[in-house]
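To keep things simple, chains are lettered A, B, C, D, E and F as they appear, and every chain counts its residues starting from 1.
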Amino acid sequence: MATLGLVEYGDASPEVRAVYDDIMAVRKTDWINNFWKALAHDPVTLRRTWESIKQIMAPGALDALTKEMIYVAVSVSNQCGYCIASHTAAARKAGMTDAQLGELMAVVGMANETNRLASGYQVEIDARFKT
Amino acid sequence: MATLGLVEYGDASPEVRAVYDDIMAVRKTDWINNFWKALAHDPVTLRRTWESIKQIMAPGALDALTKEMIYVAVSVSNQCGYCIASHTAAARKAGMTDAQLGELMAVVGMANETNRLASGYQVEIDARFKT
Amino acid sequence: MATLGLVEYGDASPEVRAVYDDIMAVRKTDWINNFWKALAHDPVTLRRTWESIKQIMAPGALDALTKEMIYVAVSVSNQCGYCIASHTAAARKAGMTDAQLGELMAVVGMANETNRLASGYQVEIDARFKT
Amino acid sequence: MATLGLVEYGDASPEVRAVYDDIMAVRKTDWINNFWKALAHDPVTLRRTWESIKQIMAPGALDALTKEMIYVAVSVSNQCGYCIASHTAAARKAGMTDAQLGELMAVVGMANETNRLASGYQVEIDARFKT
Amino acid sequence: MATLGLVEYGDASPEVRAVYDDIMAVRKTDWINNFWKALAHDPVTLRRTWESIKQIMAPGALDALTKEMIYVAVSVSNQCGYCIASHTAAARKAGMTDAQLGELMAVVGMANETNRLASGYQVEIDARFKT
Amino acid sequence: MATLGLVEYGDASPEVRAVYDDIMAVRKTDWINNFWKALAHDPVTLRRTWESIKQIMAPGALDALTKEMIYVAVSVSNQCGYCIASHTAAARKAGMTDAQLGELMAVVGMANETNRLASGYQVEIDARFKT
């Protein structure tokens, strides 16, 4: 169970409800996932985190699906079970196909492998990569 | 310096040269970066790693640039200096703009933050994410 | 279930019981948590680990609460579910308030984010930080 | 060298300079460290990151020194060379003594060890820690 | 539940069945563990991963038990619950005794501790280690 | 440079010298590497860390070379440059051949890859692995 429990909408302060409302509006959904309900015990962190995510995940130079797949790649590398579940769902909602999921996982796996081969063999950075 | 040193093309066995030649042909380049030269002391690993990367990084359901950005995202999360340098260069060669780099870094940073907020608050996975 | 099972007090050797007794005495508690019961299959590691923790976690230049919060910060960064649960409980027993928990999590999250922004942008260490 | 280079004060846009000025004012210093100069190529991320850090690191339920030591603990666990250097310097500026540094490192080291003993032995979370 | 579900033998394509058959033959077992069933949605990754593992884990300069213990060491350091469970079982099948398990865990724990003491104190690599 | 600098033998207190002497005697060497010289500012941590390593790394159910290779595997997974350099040197001194190094790296790389495939596909632990 979340350390401090979950703050449900009906029990939330107006300050927290305003964030919940904005999350649902931006994401075009009618529910709030546990991450936000757990953060809501600290309304300052709740608001800052949401405002940051809203800004960062909005389509820009990268589209929404690419951003969600990057989020999954990081979460998988870090072994964060909650984030893998929630962002895999988000990526699929954003249109990720099974074939794209498969390629995403293949790249993440390979990158984790060669990250260790490079450090394990103590490979020096090529001069060409430094300029 | 790499643990076992670097195998230069001129000193390479025919088996290693064949891999080097294929790397240069596939990547349309005329040089081999240190990672491969360090791996070349173990020709079996050299070949397997190259064949895997060639297969995984080829455009498919995801394009080459997206794959390189995912590679960077993983390398940054893992703090692999060599891989950050080499795959940032590869992503730029594949067309990544400064604006895309900025958004990539912003997503990677945010994902690393919320990965810890989720685990730190011991948030349970929502039932909806499990189906 | 723990790989080798848990050694309960009633089934423990005198050597293991002596460690259990010291844990309960130092921590002013009447139970042993699973971590120690799982380690008890290797009495040498059990004793060394307990003696190290007892020495390290004793109040000194840093007070007990600060040390427990640092322990939580590391455990969260490493995604160790067991350690997050046990050391969050220990920190709360040592007096951590909900407000302190919230600030601890905010710092941990932010540090994890900027750790990746710093490495992702390949930022060189400032000369002033090296002296 | 930082991927996109460093934006020096004299070359910065008014938007970036405003952030630099605020950093120097809040930190009561007359220079900007490389981290911010590397981020400045993306003024939106620069501002958001600074505003978040300013909010999070301000003394509150936890004092400034405790927050800096937590920052160091995370950076050490993540092997972020830049962040270890910069936040160790910040913690010392905030008053961390050599004795406190020594205890901080001892706790960080021990936590990293027991994080793996707990997961390695597949220890289940005690029921008492879940409530 | 695995993201895309598990592909059981009876429902598998001939391509997937061929890999399953080879896994059972090489491992001298009559069942397939969930890892492969989850990967089977992407037959290319399934085959490449299996061929790589078959090649890498075959006895060579290192024996099978040593390789399995190294696999466990990595999985524990990365906090991968699935891999800790499956490779601990594999190591025990390959002959790992309880005493060897205990020493393995002790080394893994210690290495994780000193990895952070080395980086936390910003220790420079000795010249003798570079040659 | 190490945060607090390095304590050379000639400048060390009798307490620190005693540890240095024991390190050189046990390792049958005539020099002290930087790790210990950096720790020596905190003699309590210096002694505890050395006594733990001496106990853990002594040949027992696992031989010295196997233990050193496990140490390298962990250090590579954690991207600890200092520890990779020092423990690769130690493993070679303990007899690790180039072929063994190659296989060690291959296993470490593969384990890091499948750790992420297992978590990325959210694979559930098989019932058989839990008993």
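What we mean here is this: a residue touches a chain if its C-beta (ideal position, glycine included) is under 8 Å from a C-beta of that chain, and two chains touch if they have at least 3 such contacts.
From a predicted model like this one, the values you see are computed outputs, not experimental measurements.
The chain with its CA mean position farthest from that of subunit B is C.
A separation of 20 Å divides the Cα centre of subunit E from that of subunit F. With centres taken as mean Cα positions, subunit C sits 34 Å from subunit B. The distance from the centre of subunit D to the centre of subunit F, each centre being the mean of the chain's C-alpha atoms, comes to 27 Å.
Of all residues in subunit B, those that touch two or more other chains are 1, 3-4, 44-45, 49, 52, 77-81, 85, 88, 99, 102, 104-106, 108-110, 112-117, 119-122, 130. In terms of which chains touch, the assembly is arranged so that all chains touch all other chains. Residues 3-4, 41-42, 44-45, 49, 78-80 of subunit C are the ones that touch subunit E when the two sit in their complex. Those residues of subunit B that touch subunit E in the complex are listed here as 1, 44, 48, 52, 55, 130-131.
By the touch rule above, subunit D contacts subunit E in their complex via residues 72, 76-77, 79, 81, 84-85, 88, 104-105, 108-110, 112-117, 119-122.
Touching subunit C in their complex are the following residues of subunit D: 1-4, 31, 33-35, 38-39, 45, 49, 52-53, 56-57, 60-62, 66-67, 69-71, 73-75, 77-78, 80-83, 85-89, 97, 99-100, 102-104, 106-108, 110-126, 128-130.
Within the complex formed with subunit A, the subunit C residues making contact are 79, 88, 98-99, 101-102, 105-106, 109.
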